[in-house]
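Just below is one structure, and these are the notes that go with it.
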Amino acid sequence: MQRIGVFICHCGTNIAATVDVKAVAEALGREPGVVFSTDYQYMCSESGQTLMRDAIREHKLSGVVVCSCSPRMHEATFRKAAEKEGLNPYMVEIANIREQVSWIHKDVAEATEKAIILGRAAIAKVHLNKPLTAGESPVTKRALVIGGGIAGIQTALDIAEAGFEVDIVEKEPTIGGKMAQIDKTFPTLDCAACILTPKMVDVAQNDKIKIFSYSEVESVKGFVGNFKVAIRKKARFVDEDKCTGCGICTEKCPQKKVPNEFNMGLDTRRAIYIPFAQAVPKVATIDANYCTMMKTGKCGVCQKVCGVGAIDYKQQDVIVEREYGAIVAATGFNPMKPTQYDELGYSTCEDVVTSLELERLMNAAGPTAGTLLRPSDKKHPHTVVFVQCVGSRCDAENEKGKPYCSKICCMYTAKHAMLIREKYPDTEVYVFYIDVRTPGKNFDEFYRRAVEQYGVHYVKGQVGKVVEDNGVLKVQASDLLSGEQLHIDADLVVLATAVEPDKSARSIATMLTASMDTNDFFTEAHAKLRPVESPTAGIFLSGVCQGPKDIPETVSQASAAAAKVIGLLAKDKLTCNPCVAESDELLCNGCSSCEKVCPYGAITYADKEFRGPNRTTLIRRVASVNPAVCQGCGACTVACPSGAMDLKGFSNRQIMAEVDAICKM
Amino acid sequence: MKFSYYPGCTLKTKAKDLDRYARAACEALGVDLAELPEWQCCGAVYTMAKDEIASKLSSVRALASARDLGTDLVTLCSACHNVIKQVNNDMRTNADIALRANNYLKLDTPYTGETNVLHFLEMLRDRVGFDALKAKVTNPLTGRKIGAYYGCLLLRPSKVMAMDDAENPTIIEDFIRAIGATPVVYGMRNECCGGYVTLENKGSAKKRSSAVLESAKSKGADTVVTACPLCLYNLKKNGGTDGVDVVYFTELLAEALGVK
Amino acid sequence: MQDVNYRPKIVAFCCNWCSYAGADLAGSSRLAYPADVKIIRVPCSCRVNPLFILRAFQRGADGVIMAGCHPGDCHYTSGNYFARRRMTLLFSMLDYLGIERERTRVEWISAAEGAKFSKTMNEFAATIAALGENKRLEDLRCKK
Amino acid sequence: MSHDKKQAQLDEILAASGVDVRKCMRCGKCTATCPAFDEMEYHPHQFVYMVEKGQIDKLAASPSIWQCLSCFACMERCPRQVEPAKLIEAVRLSVIRAKGANHLKPEEIPALLDADLPQQAITSAFRKYSK
């Protein structure tokens, strides 16, 4: 018989206001095997833990039940405290009476009754708990960063700085991401390229960092500390090692009509191209969709002009297998294409552009060499209208848009408005906003400067319709403060479109078995306390793939993710989850059912000698589980027809005991 | 190809051309448009209130009778199309409206939105096919610059009409191309003409209609086509049509097929 | 005759990674569902042995619901697919035993779907309350 | 009107329209897109807010409710699915359902006609203006 101690947490008033904690302590104190039962204001606090440790010692407890918040919150805390007192941590169970009771029920009698039942179920389970010892597994001292934008770059640099190897996998021909396309950055207005490109060079020169550009993750196997990843290096038809990035091929290529994605399609590039001057790696890539040679077999100009013989039209995709201890998702975002909002004219009017397109139109390295000229007639616009929240903050049932605030648009729009007014004081600038959201250091001051010093017209209201008429964009909008409908003749309309996770994130999340929210942002292990970790061990999150954020926030999160990775890679061994499957060899009939359902290949079979009747020896084929590989899902336990396979910590008997306790009301 | 056909009141009186040319064109295209027996006026506007049942009944009757005939229901007038499609959606998705409407009507088989409703243009696009139409054109309207006027009722609410992108539609433009003319895309093509408010506020209708036609003219349209008698009326009467002709799209269709 | 004080007993098996977290989110969002629902945490929906469900009915549960990660999103890659197949088999067996189909339910609820968790549990509890007590499989020896 | 009666009228309007006024984030896109703006005293976003505040009397008395073209632009373009047009229709209905409160009376019709006016216009106007 176990000697069980029960501890009921008040969680301040979170639990105690709805659950009669004294009554719960008293009722559970009468359960068989319970030798101590009490309640306390904050069990997770230092003194709460001391209370528990004292009780373990004084009452010689062999098992502990804490009735408190979700085990996802403090199970580890209480188990650690028990361990300090010499009790095996797996002898501690949690009954979740906060999330599952006090926070969702109002009636005290009902909540108290439910808390008692959940407590009884936990006690019933602890009666069957056995001390468990965690095994160990080695750690591959290398990290993978998926995505080479500013988030991935910063994470990789920080990990490398600590002395660990890092690979960056970037699907585009160069690292740099969205930040490379941006002109200036708020709130300081320093040039994005000036602060980003040195970091790109650092990455290229760091001998701990290996860049797989124009590459994608193909598959991920394994678990924390021991991932095996297949990377597809897409054929770029240029030998990366030979190419010097001289650019002669990109000048001579006769196919000039390829939309230039780096400039948001506002100008064209060649079929062989280097995305931009500071690209890393500075290597040309052939776009097979447009290359005349690839399509017709006739051309070959680039091959002829290449001085180092780097062009290889026969190049194939290559799959590289690499091992990692940790993986960081830094898959980034894209601004939404506003084709769902054509009342604003994006699909039909050339001079209605997105904010990222405007960045290119204002960038010195962009299609207009930094002079603001509108796309249709290359004339300087004299009236510019900005529309905020295009596709953001929509009702969840509105299939066109996103339910969240994209966070960065208010600030970059203020920046755009300010830059235009500064460079072209003859230009009138209107910003239509719902709310101006500027939480951040020096952010509101920045926005106020746009209004007060630069004379940007901020109008509370939205644009309802944009119609192009003889080169003029007729903007119909509301001014809610004056109660008017405005009709503005504009030359350029800029839409601040919602940020959305990169399309590749969904399939990457599936490969990583990392969870995502309904908007396809990666979910964090804990919204407040573990914001850079995925709930899946060994997977970390960096940048906008976790939620909308600006550059400083992205960089902070990137460094935080790196710190977590370093913490993991610094360990030589990892403690495994001891709640793994175990086969009872005496019951196993060697049918292989369990092996077939194991997603990790943790189950193997071996012929073993057993003692048979009359001192004979029998050779039987039995299953055995590799505890370092088993992740404890339990698929095998249900597949096993003979009941030999069971899961430690969640054994058949334990779960049945919980079922019985719940049903016995 | 056989369809039930709901012409609607106005097509029997002031908008006979819309109907006449549609029938002539269908004959040329080998489409059998069978007018529903004993159809009644749809009410011309969809009543949005959830407690409005009586005003939806005539549409339900038409829908149920098309179902009983085992055919899809083709509508032509934008307003009828809008009303019948929205009522059909109510019958399909709003159990309360469906129950109450069926209680009133006492049909042999209760109606729950089984009929597929097609606008004449959808029928051309999805059943006949614009390519097949093009092949049958004997008198292509080459050189004509035609603006499509969608108005409000053909496309909105887009979730229910489900006919085309409500803000950047292409169905009439594709139709115009099929009959050999050049479509003119202009910004106001899906804005309101002033609708029924023309009855008591001519000023409002004038403003709306002239804004539409100005927009079409500025893009170089010589003709504007519509599927709605009220749009035609407003644009012609209140829009100031100097230099631009406003006609039903079926008239151009018949012309192109050589059956006008 | 239905006892006026009748409260259904409902057992909910929730996988640790998605649905249990979804229940936590329902809690932290204060989205109520009936207290009749009691949750048992399992690592994965594939850990739920159909025997557990039979055991629950035998012990007087009126409804059993199992919730796991959405297909394709299993923390263990494929566990919920196994669970789905096993439950399909169990359903036909329960059918054979005469247990109403509505007494068991499988739902996919992600960690982000607190609202769905609460909505599902409310609906399920209402269904069970309408069905009344489960007497078909209940082992009367298990009664106190 | 008594408080209870007012509340009943408000409830009826909310139920008939199916509109959840609390969804409105006050962006003003409905008003920005409304083609009948110039004809109105109160504009679509104000309709929503006034219903939220229970100011039905003011709305019901305003000529604005007869100026809505039912063009569905505000419904189509509202990012929050508030759908002001449905609300306007419900207010209009609550007015004309009262006895003798028809906005358009049959005897007024002949004076409004011209030779080309399609029947559709009269039918629509009747549906919108009278019971």
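Should a chain be cited, it is by its letter among A, B, C and D, assigned in written order, with residues numbered from 1 in that chain.
Everything that follows uses one rule, which is that a contact is a pair of C-beta atoms (placed from the backbone, for glycine too) under 8 Å apart; a residue touches a chain by one contact, two chains touch by 3 or more.
These numbers come from a predicted model, not from an experiment.
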item	value
Chain-contact steps, minimal, separating chain D from chain C	2
Which of A-B and A-D has more C-beta pairs touching across its chains	A-D
Centre distance in Å when chain B and chain C are each reduced to the mean of their C-alpha atoms	50
Averaged-CA centre spacing for the pair chain D and chain A, given as whole angstrom	46
Centre distance in Å when chain B and chain D are each reduced to the mean of their C-alpha atoms	25
Residues of chain A whose C-beta touches two or more other chains	343, 465
Set of chain C residues in contact with two or more other chains	none
Residues of chain B whose C-beta touches two or more other chains	167, 191
Contacting chain pairs - touch in the sense defined above	A-B, A-C, A-D, B-D
Chain B-facing residues of chain D, complex	15-18, 35-36, 38-39, 66-67, 69-73, 75-76, 85-86, 89-90, 93, 104, 112, 114, 116-125, 127-128
Complex interface listing, chain A residues touching chain D	343, 389, 393-395, 397-398, 400-401, 434, 460-465, 476-478, 480, 483, 485
Contact footprint of chain C on chain A as seen in their complex	70-72, 96, 98-101, 103-107, 110-111, 113-114, 117-118, 121, 509-510, 513, 515-518, 523, 535-536, 579, 597, 599, 631-635, 637-639, 647, 650, 652, 655-656, 658-660, 662-665
Contact set on chain A toward chain B in their complex	339-343, 345, 347-349, 465-470, 474
Of chain B, residues touching chain A in the complex	165, 167-168, 185-188, 191, 214-215, 218
